[in-house]
Amino acid sequence: MLKGVSPLISPELLKALMEMGHSDEIVFADGNFPAASHAQRLIRADGHGVPELLEAVLKLFPLDQYVDKPVALMQVTPGDPTETPIWGVYGDIIHKQAGLASPFEEVERFAFYERAKKAYAIVATGEGALYANLILKKGVIPAG
Amino acid sequence: MLKGVSPLISPELLKALMEMGHSDEIVFADGNFPAASHAQRLIRADGHGVPELLEAVLKLFPLDQYVDKPVALMQVTPGDPTETPIWGVYGDIIHKQAGLASPFEEVERFAFYERAKKAYAIVATGEGALYANLILKKGVIPAG
Amino acid sequence: MLKGVSPLISPELLKALMEMGHSDEIVFADGNFPAASHAQRLIRADGHGVPELLEAVLKLFPLDQYVDKPVALMQVTPGDPTETPIWGVYGDIIHKQAGLASPFEEVERFAFYERAKKAYAIVATGEGALYANLILKKGVIPAG
Amino acid sequence: MLKGVSPLISPELLKALMEMGHSDEIVFADGNFPAASHAQRLIRADGHGVPELLEAVLKLFPLDQYVDKPVALMQVTPGDPTETPIWGVYGDIIHKQAGLASPFEEVERFAFYERAKKAYAIVATGEGALYANLILKKGVIPAG
Amino acid sequence: MLKGVSPLISPELLKALMEMGHSDEIVFADGNFPAASHAQRLIRADGHGVPELLEAVLKLFPLDQYVDKPVALMQVTPGDPTETPIWGVYGDIIHKQAGLASPFEEVERFAFYERAKKAYAIVATGEGALYANLILKKGVIPAG
Amino acid sequence: MLKGVSPLISPELLKALMEMGHSDEIVFADGNFPAASHAQRLIRADGHGVPELLEAVLKLFPLDQYVDKPVALMQVTPGDPTETPIWGVYGDIIHKQAGLASPFEEVERFAFYERAKKAYAIVATGEGALYANLILKKGVIPAG
Amino acid sequence: MLKGVSPLISPELLKALMEMGHSDEIVFADGNFPAASHAQRLIRADGHGVPELLEAVLKLFPLDQYVDKPVALMQVTPGDPTETPIWGVYGDIIHKQAGLASPFEEVERFAFYERAKKAYAIVATGEGALYANLILKKGVIPAG
Amino acid sequence: MLKGVSPLISPELLKALMEMGHSDEIVFADGNFPAASHAQRLIRADGHGVPELLEAVLKLFPLDQYVDKPVALMQVTPGDPTETPIWGVYGDIIHKQAGLASPFEEVERFAFYERAKKAYAIVATGEGALYANLILKKGVIPAG
Amino acid sequence: MLKGVSPLISPELLKALMEMGHSDEIVFADGNFPAASHAQRLIRADGHGVPELLEAVLKLFPLDQYVDKPVALMQVTPGDPTETPIWGVYGDIIHKQAGLASPFEEVERFAFYERAKKAYAIVATGEGALYANLILKKGVIPAG
Amino acid sequence: MLKGVSPLISPELLKALMEMGHSDEIVFADGNFPAASHAQRLIRADGHGVPELLEAVLKLFPLDQYVDKPVALMQVTPGDPTETPIWGVYGDIIHKQAGLASPFEEVERFAFYERAKKAYAIVATGEGALYANLILKKGVIPAG
């Protein structure tokens, strides 16, 4: 434990977040995502939802200021009636913490898998909602 | 040993089954399959048949609900008179446990090898029946 | 994820629980315990409290039937006025799930450290309560 | 698989049996034995009983001809009423295969644990019987 | 050492032979073959000739029954006057042990190198004869 | 880089600081300390002085509240006329950040070496001052 | 520490500089560069600026005498108004130490990433200036 | 293979022989010796007898000139009627190659085991003779 | 050290030379060659010139008898006035030891780099001469 | 290669010298010393004598100023008539470079072995002189 760091964040996750640079991506995978088979670096966060992790992580780094859509969602498969109310939750957190009104790019399921394979890390959460996967692109941190 | 988990399942197999996500595949290879040369993760189950392992595994996860044929069999080589009564045994178990009447896709021998190479794990069983190899595609587990 | 296994339990923790045998011990360490420096096998469970993990684990194995006190607590340092209401929570869970009325042995702080070093694994939780560390001794599972 | 080798025996077990020399010991641990925490080399044989493994192994090497009791059992804890009918099964197999009428040394539980720690390997079986652990001491194989 | 296994066969070779499945290949390389640079798994058998190893190995598994030529030889380079009397020795051993009269496929030197790279293992022997390299394709072992 | 974390702190150091628990120790070694030969975990911070690292680290965790002297210095060897003005710098930083007026225990040189061997990590700084080594004992962080 | 070597240079960096040969490249990455995801060998130099590292390194090896532009900079993205005064600082150091007046090649951002992936090492500095990344190509050292 | 080096000697054995210095010991273990459980470095020489290896090795280094008995044998267990004609073979080889008439020290069986554990390497031969184990102590090689 | 082996040759180099087979290549790289970045196996020989290593190595194996030019040199870059008197030294050694009058193939600099990447090993010497890199192709050693 | 560093010094040796701190020891072992069996870190310098290495190393660090005898030699075994003229060579180099007139402590052979085991590194040279082993204790480097 450290002062000022959320207890949701493991030492390994904190290290990965710090090692990432401008334009590196991290995936927050829901409980059904094939994380272990797609990750270059797999970080477990069993039993946690994505919203609370998102909130903790956005306190630690900004989203990429050089692209229009620094956050990617997995598109609902055409024909699948599943609703995705959790996207609204994500939008509120990002708006509040990063000031972005419309940060989302929707990525087709198998393209999302390919992009996840190239990410710096995949965080395997226990998020129960469907289509709840999220990719964040890290931004530039100005010199203190 | 754990309460409620079949003693046929090794700790390593249990961990692999849990790490798999939606659409990851696992191969149950018969005793003659070239498992060690094709596996990304090799899990030994020497001396056990495939039916009892199949039965134990289907208690732990559902088959992929997003595809028509979530189970693959190795096609009998054209000209080979071998019979495959064990396929009926597999069908009964899957029907009973997963409620699927017609889950099987038949895959040509060398295409089956290629697909096995991409699977999350290969379980090397001691199954003595021929053409007894099986690929399962894991499904989505709804939030409890 | 697996059917019937709590999402709080990571694949690595599940594997360790299964590998343990009669009389092996596992430590559930609170957020301030020096877990990384004392563990033979370190398993992270950041952000989770001990009570919910205890409840999940006791569904998977029995406590040691061959000793009187199969659970150890870290004794409050003499002179420290800290209260330990969480011990009552532990007692209720163990009573409900394992039927034991008085399972606790209190172990002096530095003796507890030595015992933790010999345990099969230490689970580093995010439990915020003080003196909330717990050692469980696994029991015999009768043949199914 | 190999011609003439029991399918119960994994490649790793076969290699260990061959690497052992005169006076090296191997433990066949029942399903409740703390095998993972005591083994220098851990070999899994989940789901198998000890008698069938014993029968297969005694075809591959002789017991130590230089000691009186080349086989050790774990003594029943004083006061424990458990019966050990499986010891008779072991005796019959050893008598039939190795021609020894009285091969058993009984070793107190915690002394057995210490001896298991020094063994060349521990085979973690799924044997459900209690007090079913067995240590074999390998003998000299005369030049063919 | 094990009863019934040739002392020429090392524990590592025995394990590899057992791990191989139907259609996996193993190379027995003569003393001049670039074995270390081409092997996925390198197994040393310094000081031994190929014929005695071949004889020992054919007692442990059958050759592939699904192809016409389950054994490959390295073709003599056009223009090279070297004789290969050892091929006759190989033919006699294979005929005696596997009942095959004409098992050999001749493979051009550099194609042989490429095929050796894909084999499950290369056994680096001390065979002094030239063009004495051999590839065996493992067959199906019927259930006992 | 992360928002709110000093750029002096490497990802590896941040991870180690977070993994440490109550009573774990970390050594900040000056440029002449035999850090590589004494460290269980060696973390390089070449080119940095100890005061700026101390200041950054004390923002991340409290010193041990359960001992009187949570900070150790290496005692000047008797007879050595070296002055240690840097100790005053350390005292000021600790007073300002941790509110402790008299936190230092002086440890004889070779006893300091032994204690450093048991520390969770040694940070090899480039501090040019002599007798500038420092050991910090981490305290308890109250639940947020 | 060694006599005559800048304390800014870690043992690992010194070793890498020495292992490099004619035409090998090393990247000095600013604090926002995605160093960990692009490096074949990652060397941390947290908290240090690039100019002081450049000055120390140019004392240890010459730039490539066989190419016109032995130093590469990351081009400012078209449309980005950021100024790069640090390039002048780099120019002065290189002019003073290596006698080159015009050593810089500007490389487009994504091409720079690709080239960094092939470099012998990436040094992750804490440089706060933007577009401050630098690639050096090592030259020939004449026999002493 | 190398010119002038016996094909019995594997690359790994040759490297070990060269790495050894004055007073280092190497064990040539017969086929029944518990080599894998006692060796710091295990080198396989399956299928070879000790005499031919001894002959090859004595061409590569001298025996220790600083002790009276640079070769150790395992003493026959009191009461065991086994004869050891192979000791005469060893004596002849050592006399011919090293000019020593009486080089042997006899070491009690369990003391021999302890000494073997400290040796630089154990060579696991296939020697079929009993009590055929041998320890060689390497001597000083004068500058060429 | 071993009798009859040049003290210039390290145990690791001797092992590599022995592991190589017919047609495997080894690079002797001068002090400026980018050896560490191109080698599959890097063997250090700091402080030694290539001629003395060449002389020692040619005592251990023959050059490839199946190709016309079993030795490759790095071509002088067009326009570079550097002389290469060391090539004459190499020629004399090879003529004396291998009886070849005209063994050299000249390879363009970047093609030489590509070929070095595929070699079995690169020996990083301290040779001070320019364009002094050498590739040897190992020949067939006839059975003793 | 680096400007100003002797080509006798390998990258690995340079790194070790830099990692060492005040009071760490390094052994320069002659060609007959059992270096590989005694070293915590083994660094090869085959084919080089100790005097030239000593000269190069003393340019990089001072000897320990806190002890009377910062250099240890291996005492000639009583009764051995060997002369040690190389000690005079060592004395001259140390006097010239470090200004010490009488730096040597003589250590009995087996005590020397024990001390070598605790050294930070052993450099295995090809020094042909007998009793030519040397231990250096590193001193304090004042801040530049």
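Labels A, B, C, D, E, F, G, H, I and J are assigned to the chains in the order they are written; within every chain, residues are numbered from 1.
In this text, a contact is a pair of C-beta atoms (placed from the backbone, for glycine too) under 8 Å apart; a residue touches a chain by one contact, two chains touch by 3 or more.
Just so we're on the same page, UniProt names per chain: A, B, C, D, E, F, G, H, I, J = L-fucose mutarotase.
Bear in mind that the values here come from a model prediction, so they are computed numbers and not experimental data.
Asker: As a test of understanding: of all chains, whose mean C-alpha position lies farthest from that of chain A?
Answerer: Comparing chain centres, H lies farthest from chain A.
Asker: Counting shared numbers against all numbers at the contact of chain E and chain I, is it over half, same, or under half, different?
Answerer: different
Asker: If you average the CA atoms of chain E and of chain J, how many Å lie between those two points?
Answerer: Once rounded, the distance between the two centres reads 51 Å.
Asker: Between chain B and chain J, what distance separates the C-alpha centroids? Give it in angstrom.
Answerer: 62
Asker: Distance between chain F and chain G based on Cα centroids, please, to the nearest Å.
Answerer: Going by mean C-alpha positions, chain F sits 32 Å from chain G.
Asker: If you look at chain C, which of its residues touch at least two other chains?
Answerer: In chain C, 1, 7, 11-12, 19, 21, 31-32, 128, 141, 144 touch at least two other chains.
Asker: What's the complete list of touching chain pairs for this entry?
Answerer: So, checking each combination of chains, I get A-B, A-C, A-F, A-G, B-C, B-D, B-E, C-D, C-F, D-E, D-H, E-H, E-I, F-G, F-J, G-I, G-J, H-I, H-J, I-J as the touching pairs.
Asker: Sort out for me which residues of chain E touch chain H in the complex.
Answerer: Within the complex, chain E touches chain H at residues 1, 6-12, 31-32, 36, 44-48, 126, 128.
Asker: Considering only the defined contacts, which chain F positions touch chain A in the complex?
Answerer: Residues in contact with chain A: 1-5, 7, 11-12, 14-15, 17-19, 21, 59-62, 141, 144.
Asker: Please name which positions on chain E make contact with chain I in the complex.
Answerer: These residues of chain E touch chain I: 29, 31-37, 77, 128-130.
Asker: Using the touch definition up top, name the residues of chain B that touch chain A in the complex.
Answerer: These residues of chain B touch chain A: 19-24, 66, 120, 140-144.
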